[in-house]
Structures are given as C-alpha cells and as structure tokens.
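Two complexes come next, and they have one chain in common, chain A, joined by chain B in the first and chain C in the second.
Moving on to the complex of A and B:
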C-alpha cells in the first residue's frame, strides 16, 4: 500500500475510527475469566477496556473510574472486584457506581447525577473460548464480519483449548498491517523461517486461479460504495482450518495428557480480520494466538498466547511445556518481527509502491477494500 | 563394604560432576550411566535393573531442561524403585553447619550456603553463588552461577534462576518461575512468571 498508510498519524487516527472502533476485535480468552471477579484489561484504539466476570456474566466497560479517572483495574488480568483503588468507588455488573464510600456525607451528588454514575459499556461476543469486543455504540452483527463456517471453526477449535495459558506482551516497531500482509504471504517462510518453521512445514505459495481472477476484478474496478459487496469482501478475509501437511509430527510425552483437536498431521491456521492469528504447528496438540493492537502508525503491541489442547489428566510439568513453546515459538515470531521492523524503518513518503505478484491476490483485495474504506467510499 | 555410587544423567551437569569424580568419590566406587534426554524424561522400565538399591546410591545429574522436571522425572523413577540419593558438594563449597541440604543436590565450586539456609531435594546451586542467612531454595530448583540470594529470601519449587541474578533480602520467588535477566529482584515474583529480556513485561501462565 501507499507508504502513508503505514506512516501517517492522520490515517492512523482515521483507521482507528473506521476499522478498530467498528469491527469486532479479539480481546481475550474465557478461560482467564472463569471465576467471579476475574478480569482482563487491555487498551483498544486508545480506550482502556476491562472485561470482568460478575457471577458468570461477562461485561465490558471503559476501565476508567467516573470520579477522578483512575484505572479501575491496573493489572493485565487478575481477580478482584471492580473497585477503584483511589477513593474506593465500587461498580456492579451494570457498571453503576453502587458503592461510593461516604457518598451522602462528602460527595452530595443530586439524585439525578447520582443515578447516572454508570461506566460506559461495550458490546461483547463469545465464540467458543474467544472473547470479542466491539467499541461501537451500534455494532455490526459479528456474522457480518466473519463467515458462518469460520465462526463455527473458531468455536469448535477454541472449545478444545486448555485453561492453562502463557501470555506474553511485546511492543514492536512496525505498523499492524504489515503483520497481516506477512501472514497472508505464503512465500515468505522458506526465506524468513528457513531454520525454524520451514523445517517442519513445507510452505508453498500457490495461485488459486478463481481467487486471482476475483482479485483482478476487485482491484481493477472503480472504488465501490456498494456496502453489501464490500461487506462480502470483508468476510472473505477471515478464514482458517487445516493448512499444509507437517513433514513430521514428533510424538512428545505430554501429547498423551491432552485431547488433541482434530486428527490431521497438519499445520492449522486461522486469520480473523483485522488482527487475530491463530496457529497450531503441532497438528492440534497446541495453539498460538497472536493479537496485534495498533498503538501508533509505527508501533504495534503484540500479545501472544501459548496453550495446549485441553488436558484429560493433570500434567504437573505443563509450565515446562508452555515455556518450551514460548522459547521455540518466539524464535519464529522474532524472525517475522525483524523483517517487519526493517520494512517499517525504511518506509518514507517517496518509497516505491509494492509490486505484488499473482499469488498475493488476498493482500491485493484487502488493500483495495481498505483503501475504499479509508477514502470514505463506504462505512462499516 | 561401602555402597557404590551411580551417576546417571546427561548434559553439562552430568559432564561436570563426572569430570570431578574420576573413578571414585569420597572413597566410594562410582559408575556412570550416560542417558539421552528422552530416556531421562521417560526412563525405560529396565534402566536401573543392573543396580540393586541395597548396593547403590544415586546421583541424578540433569540440568535445568524442562524447568527441572526432567531431573525430577529421573529422580522419581529411581525413588519409586527404592533407591536412595547422595548429594554432590564440591570440596571448595562452604556450607554452614546449621544449613540443611536435601538429597540429590548439587553445590558447585566456591558456592556458599549460609547459616540456617535450607536447600530442598533435587536442587542445584551454581558456582560462586551465595545463599544468605535463612534463605530457602525449594525442591527441584536451579540456581545458576554467581547468584546472590539474600537473607530470608525464598525460591520456589522447579524455578530457574539464571546466572548473575540477585534476589534481595526477604524477597519470595514463586514456584515454576524463570528469571533469565541478570538483575536485582527486590519484589516478590508470583508463581509461574517468566522474566525474559525479549518481553516488555513479565510473561505469566494463567490457569
């Protein structure tokens, strides 16, 4: 895409408004929200959001106390009531400031003002064990964003996730779009991951001729204000399931302790537009979830979750399994990060436009769709 | 006749102990059984059959692989078969007479274990590391070289403290923790936390 799309503060702001506050965004795992008062806190599109369990009811609120704007939950995740640490204001499942210490004595809000002390809430959807948030007051149905078969695939695969999960966060110096252009590019692993992932999986870029023709039609056509057509295109950006066959699946001792997802010795891959990637490089024995949260045009927070398929019996050494996954998996991620940071570093207003080949039909379609959206030809 | 001593394991710790115990150790006959990592993790049924528990004590020397769970797997395998374990204390290490060190421990060159300190079974203390007064290192832990564990500090089971780490007095490091960044830790570290220079903030396992 044009260099501006990766560099401009103005486009970043527009992108936050048109993409990230309109689409459903992955937020976390229900397994981390299993108990009353358990919570996850993240910042999406510059808005601090907390998802909290209130007696098995998940609610999403702006994570800012209405009194003096202190964050209600400070940690990334944990278990404590939704009570501000500054002056003790406590909020209930409706986001209402149910308990204000010394309310009548020192605050003396009038009844109308008092009854309106309610946190801003956000819409929340759960697919299997995946929690999605939409920051819009009037969100599109999630089925408009993701195809039905994809939602079912996310549901069935995530239902197999174990409750023990290793979570890492790292701040990267590239635009979030580069990550997904890279993930949609099946021709990079033999070059970038020659010593790691490409040893166990033979990735080959193939041209789906029908998709290629579709991409040509989309890209050569004029900017389209046909929302129905644009939303149909959007749904085609999210897909997943078994990908390339694994060269070899080495049996590991812990495999016997989990209920594997599926029975194919394949690399599994799910891409949920705009910013969730799920992979299983172990034929369904374990999973990696990567979430790219845009922070600035050249800064993206990467949140990575490593977990195995559901345990069928206790496995005391699971921490070692997850740590080994982190050590191995992060080597692959580092290889991608290094490339993308280098791309970002060299971008400037006059940089040459990318020359993409026919195998990159999906990236071309995403770019056309994104440009039409940014140019105001349609709204989500 | 004194009981024989069987050194069993693989990797750097096995090689280091093996090099320091040529033929015998403190007057005891030694045999050495080098394993693969896979055999240590899931010991084959007949692995120890040639050795009778009444004639042999064991030293299971495996490094921090798999957060010390591989060493623990080998230790447990032998324990279930009735074997007792020795601990390897290097001749240059200084152990206070009031300190307690469990079985199958490894205390390397010039390490110091202070008064009333306790080291749980199956734990390794690296060269030049110092355990202060009443420091506790729990079972199956790994303390790398040149670490300082302050007075009354604590390191939980299966944790890995890499070389050069300093744990301040009274600080409690949980179980299954990995501290890979050589710095001073002056606040408690929760269970199953991983401090690694690649990550902006500690990596955690949630359950």
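Moving on to the complex of A and C:
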C-alpha cells in the first residue's frame, strides 16, 4: 500500500475511527473469565475496556471510574469485584455505581444525577471461547464481518481450547497491517523461516486463478461506495481451517494428555480481519493466537496466547509445555518481526509502491478495500 | 567405599562430575551421559547395571522444561533405591542450622544462610547468597551470584537467572522464571515469567 498508510498520524486516527471502532475486535478468552468477578482489562483504540464476569454474565465497560477517572481494574486480568481502589465506588452488572461509600453524607448527588452514574458499556459477542468487543454504539452484526462458515470454524476449533493459557506481550516497531500482509503471503516462509517453520511445513505460493480474476475486477474499478459489495469483500478477508500438510508430526508425551482438534496432520491457519491470527502448527494439539494491536503508525503491541487442546487428564508439566512453546514459537514470530521492522524503518513518503504478483490476489483486494474505506465515501 | 555415578548431560554433567571427583579423590566416581528418545523420554536401561548397595548417584540435568526433566531423572533414580546425597562445594559456606535436601548442588563460593531450608534437587550457582531462614522449594535453579533476602520463600522449580535479587520476605510462586536482571520486591503468584523480550510478565492462567 502507499507509504502514508503506514506512516501518517492522520491516517492512523482515521483508521482507528473507520476500522477499529467499527469492527468486532478480539478481546480475550472465556476461559480467563470463567468465574464470578474474573475480568480482562485492555485498551482498544485508546479506550480502556474491562470485560467482567457478573454471575456468569459477561459485560464490557469503559474501565474508568466515574468519580475521579481512576482505572477500575488495574491488572490485565484477575478476579476481583468492579470496585475502584481510589474511593471505593462499586459497580454492578449494569455498570451502575451501586455502592458509593458515604454517598448521602459527603457526595449529595441530586437524585437525577445519582441515577445516571452508569459506566459506558460496549457490545460483546462470544464465538466458542473467543470474546469479541465492538466499540461502536450501533455495531454491525458480527455475521456481516465474518462469513458463517468461518464463525462456525472459529467456534468448533476454540471449543477445543484448554483453559491453561500462556499470555505474552511485546511491543514491536511496525504498522499492524504489515503483519497481516505477511500472513497472507505464502511465499515468505521458505525465505524468512528457512531454519524454523519451513522445516516442518512446505508452504507454497499458488495462484488461485478465479481469485486472481476476482482481484483484477475488484482493483480495476473506481472507489466503490456500494456498501453491500464492500461488506461482501470484507467478509472474504476472514477464513481458516486446515492449510498445508505437515512434513512430520513429532510425537510428544503430552499429546496423549489432550483431546486433539481434528485428526489431520496439517498446519491450521485462521485469519480474522482485521487483527487476529490463530494457528496450530502441531496438527490440532496446540494453538497460538496472535493479535496485533495498533498503538501508533509505527508501533504495534503483539499479544500472543499459547495453549494446548483441552486436557483429558491432569498433566502437571503443562506449564513447561507452554513455556517451551514460548521459546520455540517466539523464534518464528521474531523472524517475522525482524523483517517487518526493517520494512517499516525503510518506509518514507516517496518510497516505491509494492509491486505485487498474481499470487498476492488477497493482499491486492484488501489494499483496494482499505483505500476505498480510508479515502472513499463508504463506511462500515 | 561405594562408587558414585553422576547421571545427566551437558555442562551440568561436566560440572557435577568434576566437582564430585575433586570432593571424593579416593572414590570411584563415574559419569553417564543419558540419552533421550524423540519424545524426550530418558533411556534408563543403564540403571540395571548398578546396585543401590554399591553405588550412590547424583542427577545432573539442567533447568530445561521448568526443571521437570531433572526432577523426573532424580525421581527415576531414587525410585530404584539409590542414595542421592547433596553436593556441598568445598568453598561453599553453610550457616548453622541450614538444611539441604537430596540431590541438591551447592556450588563453590555459594553462601547458604543460617536456618535456611533447601529442599531436594536444587542447584545453587557460584557466589549465590541464600539469605537467613529463607526457604527454597524443590528443583529450583538459582544461577551464579543471585541474592535471596532473608526469610524469602522461593517456590518449587523456580528459575532465578543471572543478575536477579529477591528482596527479604518476598514470596515467589512455584514454576516462576525470573530471567531479567533486577531487584524483585513484590510477591509473585505461580507461573509468572520475566523473560526477554516481552513487556511485563508473561503469565500462565488456568
């Protein structure tokens, strides 16, 4: 895409407004929200959000106390009531400030103001064990963003996730879009991951002629304000399931302790537009979820979840399995990060536009859709 | 005198073998470089050639797999009835009333404070200082020059990397991995990892 899309502060702000506050964004796993008062707190598009379990009902609120703007939950996740540590204001499942210590004595809000002390809430959807948030007051139905078969694939695969999950965060110096252009590019692994991933999976870039012709049709047209057509295009950016056969699936002791997802010795791959990638490089025995959260045009927070398929018996060394995955799996991610940081570092306003081949039909379509959204008159 | 067999692999096997040989110059100290199959299971057949009445053993395996592999190896040897006394380095200082469990390795130059309690299978590197009355859980791995304050509690299978110090009375949960140099002043729950290049702690939730 044109360099401005990766560099410009103004486009970044527009992107936050037009993409990240309109689309459903992955927020976390229900397994981390299983108990009453368990919560996950994160910042989406600059807005601190907390998802909290109230007696098995998940609710999403702005994570700012209405009194003096303190964060209600400080940790990334945990288990405690939705009570502010500053002056003790406690909120209920509706986000209402149900308990204000010394309310009548020292605050003396008038009844109308008091009854309106309710946190801003956000829409929340759960697919299998995946929690999605939409920051819009009037969100599009999630089925408009993701195709039905993709939602079903996310649901059935995530139902097989184990509850023991390792979560890691790392701040990277590249624009989030580079990560997904890279993930949609099957020609990079033999070069970037020659000593790691490409040893176990033979990724081959192929030209899907029908998709290639479709991308030519999409890209040749002028900017389209036809929302139906644009939303149909958006849905085609999210897909997933078994991808490429593994060269070898090395048997590991812990495999016998989990209920494997599927029975294919394949690399599984799910891409959920805009910023969630799920993979299983172990034929369904384990999963990696990667989310690339935009922080600034050249800064992206990468959050990675490592987990196995659901345990069918206790396995005391599972923490060591996850820690080993962190060591091995992050090596592959680091290889991608190194490339993308180099691309980002080299970009400038006059940098040449990418010259993409026919196998890159998907990236071409995403680029067209994105530029129509950023610079055209269509809105999600 | 019984013979001693040092079982393990890699640098720790070399270090432990040399240390035991120096400590027991007149004893028959041997080493066995243990193999693992494709699934990382130990090949333990060699144990059939030894008798607990004639040989004592020491398991010298590094901290991989959150110290589970060294614990597994020790358990397999111990389960066959072999004695596995700890190694206390010639130049280590062990304070009054300190207790050190089986198959632990206290390197030369380490200081174990008085009344400290070290469970089994713990590695303490050279120049590490274990504070007065502190408690170290089984299979912990404490690198060279780590400092643990008095009455601190270090959970089982914890790894403390180089440049780490633990403030007095702090409790570190089991299976934590603190491999970023620094002074840790707050209690940590179990399974928290401070490792490069991640921002903040890596955590395992369950």
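Please note the rule applied: the second predicted complex is superposed on the first by the 379 of 380 C-alpha atoms of A that agree within 3 Å, B and C clash if a C-alpha of one lies under 4 Å from a C-alpha of the other, contacts with A are read in each partner's own complex, and residues count from 1 in each chain.
Rule of thumb we're sticking to: contacts are C-beta pairs under 8 Å (C-beta built on N, C-alpha and C of every residue); 3 or more make two chains touch, one makes a residue touch a chain.
Being a predicted model, the structure only gives us computed values, none of them experimental.
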Partners on chain A (chain B, chain C) - clash or fit: clash
Contacts of A:250 with chain B and chain C, given as first, second, both or neither: second
Chain B versus chain C as contact partner of A:323, first or second or both or neither: both
Partner chain(s) touched by A:32 [first = chain B, second = chain C, both, neither]: both
Residues of chain A that lie at the interface with chain B and also at the interface with chain C: 31-32, 76-77, 163-171, 253, 317, 319-320, 322-324, 326, 334
Contact set on chain A toward chain B in their complex: 31-32, 76-77, 163-171, 253, 316-317, 319-320, 322-324, 326, 330, 334
For the chain C and chain A complex, residues of the former touching the latter: 38-41, 65-66, 68, 175, 177, 191, 193, 195, 197-200, 202-206
Complex contacts: residues of chain B adjacent to chain A: 41-42, 66-67, 69, 73, 158, 176, 178, 192, 194, 198-201, 203-207
Contact footprint of chain C on chain A as seen in their complex: 31-32, 76-77, 163-171, 250-253, 301, 317, 319-320, 322-324, 326, 334
